[in-house]
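For reference, the structure I am asking about is given below.
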């Protein structure tokens, strides 16, 4: 019924590991050394929060271009932490919530996290949670303020909390004074060069002649850099699969994505 | 009674194939090769979503000038998909809805779609759904945000969803960061030249001397391009029918539409 | 009682021919060939909508300076159509309505119209219905959006609808993207020259020496054009009637109206 | 109790002649020929509305600097009209009303007026009723729009209505498109020269040597024009009465008012 | 409980002389002839309102820099008036009130005042009552408008009312058109020179060597003028009392206040 | 349940000394003479309010860069006061409160404080309580206004109150006219030079070779000043502890903080 949204507010307890696994459906392809560095940094943070005489609260934000893999990497770090509790705070679960329902939803996620001796809260896509839109600009200040306070509020005695967040709008978060609320920030890069792209393409096992696929792309873009998120590339491989000439379709689809990135 | 609008929110289940047929009342006249290309592209997308091991969610937006046939083409692609369920999300069904009623209505359409193993959701006239107006500018950010999340939220396990949307305001959607929420975009053109127009006029079977009808128009506009949407042209043919001198009335009516396009 | 306004929302069924007659109290004086052309154009539109295999919905907007006779001419076209149902949508009947009451009121007028096989809806003074004010500028976007959708929404099967609207703010409607929602627009002119004015003055039968009345005006304005709406001129004749020297009072009163037009 | 304001909305029937008399407490001093001209113009308007075959609705607005006597003159015209019903619409009776209470209050005043065959509605201090403030600027658009519609809405059959309004903010009303809603406008002047002032001072009978009182003022302002509203001058005479040296106190008090006018 | 604020609205009858006395806790030190002039002017106003055949309503506003003694002087004038009723309208008694609660509170204070044949209403700190803040700028227009109307609305027959108000934001009130709603304005000055300061310091009896205290200050500021409100000076004397070297501490504390004034 | 936030409003009585201790978890390291001066100044204020014949209300605001120790120092002063009651007013306890709940919460804290003969109210992080955000800018004016009034409202007879507040946004508070509502302000500095840093690093007892730790930092920043808050430095020491090479990790982590400060 109509109060569906409101009803959703209530049951927020329990582990959301299943949801985490879905965020990782495309796996983690180690197409660049940066990927390993990000996971290493994640492991160090996980370790520091685990340390009993250290600060009981630590927050990190993963930021980068659209589709660069921010959400998947945050989910990976969270799952690898082996903390007893992982909570997901995602706009997908707050559709149609008003400001106070969103704040209550976030509060509850943190309250649940406080109940476990050690937990991770993954806040995905912050700009969507605060309903940012560049025209205006507009956003929910009430939700933003609640997030700022939750990010700096110590958990209760003997509880330890790691907050991992993702955003595609670093500069917006900086203008909102939200970025400095995080103890640490981690940049997530696009797929940059053709060598990285070749590695991904080969791993997919979709093309007979992956070199030609790459060359097709190069012939479209006439550029030495790729500059597209891993997500778009994996999606482009799917589209290519529908075409009898997979290699040339791959070139076409990815070149459009390259052009669009320049635009956005 | 007064709660009519609210009551409308409730029954949203069921197929809306009838509604689709009405959107296609004027048929699809293949006046240009672009029309075939658009329908081809539609078929490819339909096929990709059908593929079981592909991404379970794909969204495309048809954009173009007013009356260029965006809605009819989207309805055509949807009907030709032969997916078990097609849902229409149109401003016509949300008159007088407030923000939360609109969001709930959209949610329900998507929830219905998720119930079928495979479905199309056609979101018609996005700028009207988000209540865009250039003075201000103003729009419903809550509705926009809900749409952004719905467009990127994966359907449940083993469900596949194709979203087709239409808009006459591409640049507005780009400024709102909504355009990049779509996986693909399809441009729908106006009727451009006199050859295309001749084809349409002939197909109507309304004029004794279709060449004169065209010449009448040319003598008004003194231009080699037409640049008017198919919808206005079909409407103009209807008006011409009322006049004893159909050919010269056609020239007058369409030349006004040409002038108005230059203005808007 | 206080809910008077709300109560008004309810009874909206029935014919409003009486109201139409009141809008025409001053009759239609054929002071210029433009008046005949407007009524001719109206007849053609009326005829097109009557045609069973034509488009079932047609909308036209009458625009022009204040008091130029927009409302009277729209009422005249509507009454002459001899359609079985004529509905009036006027700000006079929505005083103190909030946004949702206004939208509901409009919806009901259209729903009533849909019940007749053929009907006219006359939307009078659009800028007042959407509560336009140039400081801000401000207006009711919700009412505007509902109007936009109602103007383009097809009536149910086998129903035909003609919408006639009036506005004194064409450029505002253009900026609001509302103007292009109409299929056709009709300009209503002021009384322009002294010959037109003479015709009106004579028809009134109020002046002994109508030439002197005109000359009095000319001596005030020292201009060859009049540029005042028919409504102000008819009102000025009434005022002149109170004065022993009707001719010179006429000159004074109308010259003030001329000056004020230059100002607005 | 707290709903005091709301309760006030209810009893709005009956004559408000008493209230009118209070607005005229200071009488009408004929200190300038303009005063007679204003009253003459008022009489003509009153006569025109009385005429059975004339337009059944006429509205006039009295505008001028603060304290120039707008309210008193409007009350005078209304009382002299000898119409069976006079209604007062004043901000004094709407303190703390919200928008819909104000609109309802105004509606009721007009509805009462419509019940009498002939009536005057005096709308005092329009800028205060619409809650105008120059910072922003802000005002109640809903109240403004209701007023615009009420000012142009014909009374029911066989009812005649004269609307007299006052404002100290003519240019604001012009910017709001409210000024042109009136059929006629009447300018109310300040007390301009020392001769006019002398007349007023003499009529008060408060000073032994009224020439000295005037000279005292002149010595302060060193200007040949006065430029102060009659209201401030009558108030200044009251203040002067408290002082043993009435003449010199009069000079001081009025000179301050002169200075303040230059400032506002 | 939570409705505390609301409950406060109710009991507003009765004399608030006690509250008045608290506002005067620091007494009135006659450190300058201006203080006497202000009190004289107050006495004259009190006398004019008392006069039975004079205007039944008079309002005066005391304005000046922060801490200059506006509130104390207004309280002094009110207490010395010996009117049967004195009412205080202060932001202290409206914490957390919304707009309509504030307006109702003010209405009640005036209604109480109207019940006494003669009364003073002291409106303290107007900018705080209307919730003025320079960023935006923002303020409560509803409260402002209610105040404007109350300030000009005549009390009922045979009732006389004196309104005394205070503000630290004269130019804000001028921009809001509120300043001209007062019949008279009274400027309250800072402590200006060292001679005035010496007088205050001596009267306190706190310093052994008041000349040295002054010299200490002069050595800090190196300026011949003081320019600080009496309130800060009395507070500075209190602080100095805590220090073994009262004279030098006085110099330090007051010099900081001097610096801060230059800043604000 | 969902009314959790609202429920929190209720129990606000009792001492919050425990909470105070938590704010001081990192202790107070006397790394600079400024720290002693701040605590001295705090002691003087505490003493002045204790004095029975002094002003019964005194307020001071601690301001400084992020993480400079404002909250800890305010808590230290409050705890050392040995006043019978200490109340904490912190954004942590108002998550999701709307404006009126926040104001009521603050009112209650002050009301509780008024019940004790002598008390401290610590208002932490004012910019967060008023929900300040630089984009817009936006903030809760209602909460701001209530705070302004509470800061200047005298406690009841025989009650004495010290208000200590903290902020990282001094210039914002100045623009909001809130800064001058405080009787005194205390600047809290960053850790400035390497000597101060050395002192802190040594006190931690975490490094074998603290000189090398400092040198590592210097080699990164190539600057003679540090300019980072004590909080970040203590956090950096924790992070360093996780690394086998604590000294070089310390250099890395702190140099990032130094860079970030330059940015913010």
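Order of writing sets the chain letters: A, B, C, D, E and F. Residues in each chain are counted from 1.
In this text, contacts are C-beta pairs under 8 Å (C-beta built on N, C-alpha and C of every residue); 3 or more make two chains touch, one makes a residue touch a chain.
Predicted model only: the values in this text are computed from it and were never measured.
Peer 1: Hey, what chains does chain A share as contacts with chain E?
Peer 2: For chain A paired with chain E, the chains in contact with each are F, in label order.
Peer 1: What shortest step count links chain A and chain C in the network of chain contacts?
Peer 2: Step count on the best path from chain A to chain C: 2.
Peer 1: Looking only at residue numbers at the chain B/chain C interface, is the share used by both copies over half or under half? Answer same or different.
Peer 2: different
Peer 1: In terms of CA centroid distance, which chain is the most far removed from chain C?
Peer 2: F
Peer 1: If I average the CA coordinates per chain, which chain comes out farthest from chain D?
Peer 2: Measuring from the centre of chain D, the most distant chain centre belongs to A.
Peer 1: What whole-Å value do you get for the distance between chain A and chain B if each is reduced to the mean of its CA atoms?
Peer 2: From the centre of chain A to the centre of chain B is 33 Å.
Peer 1: From the C-alpha centre of chain B to that of chain D, how far is it in Å?
Peer 2: Measuring from centre to centre gives 57 Å for this pair.
Peer 1: Any idea how many Å lie between the Cα centroids of chain C and chain F?
Peer 2: So the centre of chain C lies 66 Å away from the centre of chain F.
Peer 1: Touching two or more other chains, which residues of chain E qualify?
Peer 2: As it turns out, chain E has no residue touching two or more other chains.
Peer 1: For a quick check of the interface rule, what order do the chains take around the ring, beginning at chain A and passing next to chain B?
Peer 2: A, B, C, D, E, F
Peer 1: Give the list of chain F residues in touch with chain A in this complex.
Peer 2: Spelled out, the residues of chain F in touch with chain A are 1-2, 4-5, 22, 66, 91-92, 94-96, 98, 128, 131, 133-136, 138, 235, 238-239, 241-243, 260, 264.
Peer 1: Provide the residue numbers of chain B that touch chain A in the complex, in ascending order.
Peer 2: Residue positions touching the partner: 9-10, 44, 47-48, 51, 54-55, 100, 103-104, 107, 137, 139, 141-142, 144-146, 148-150, 153-154, 175-177, 180, 183.
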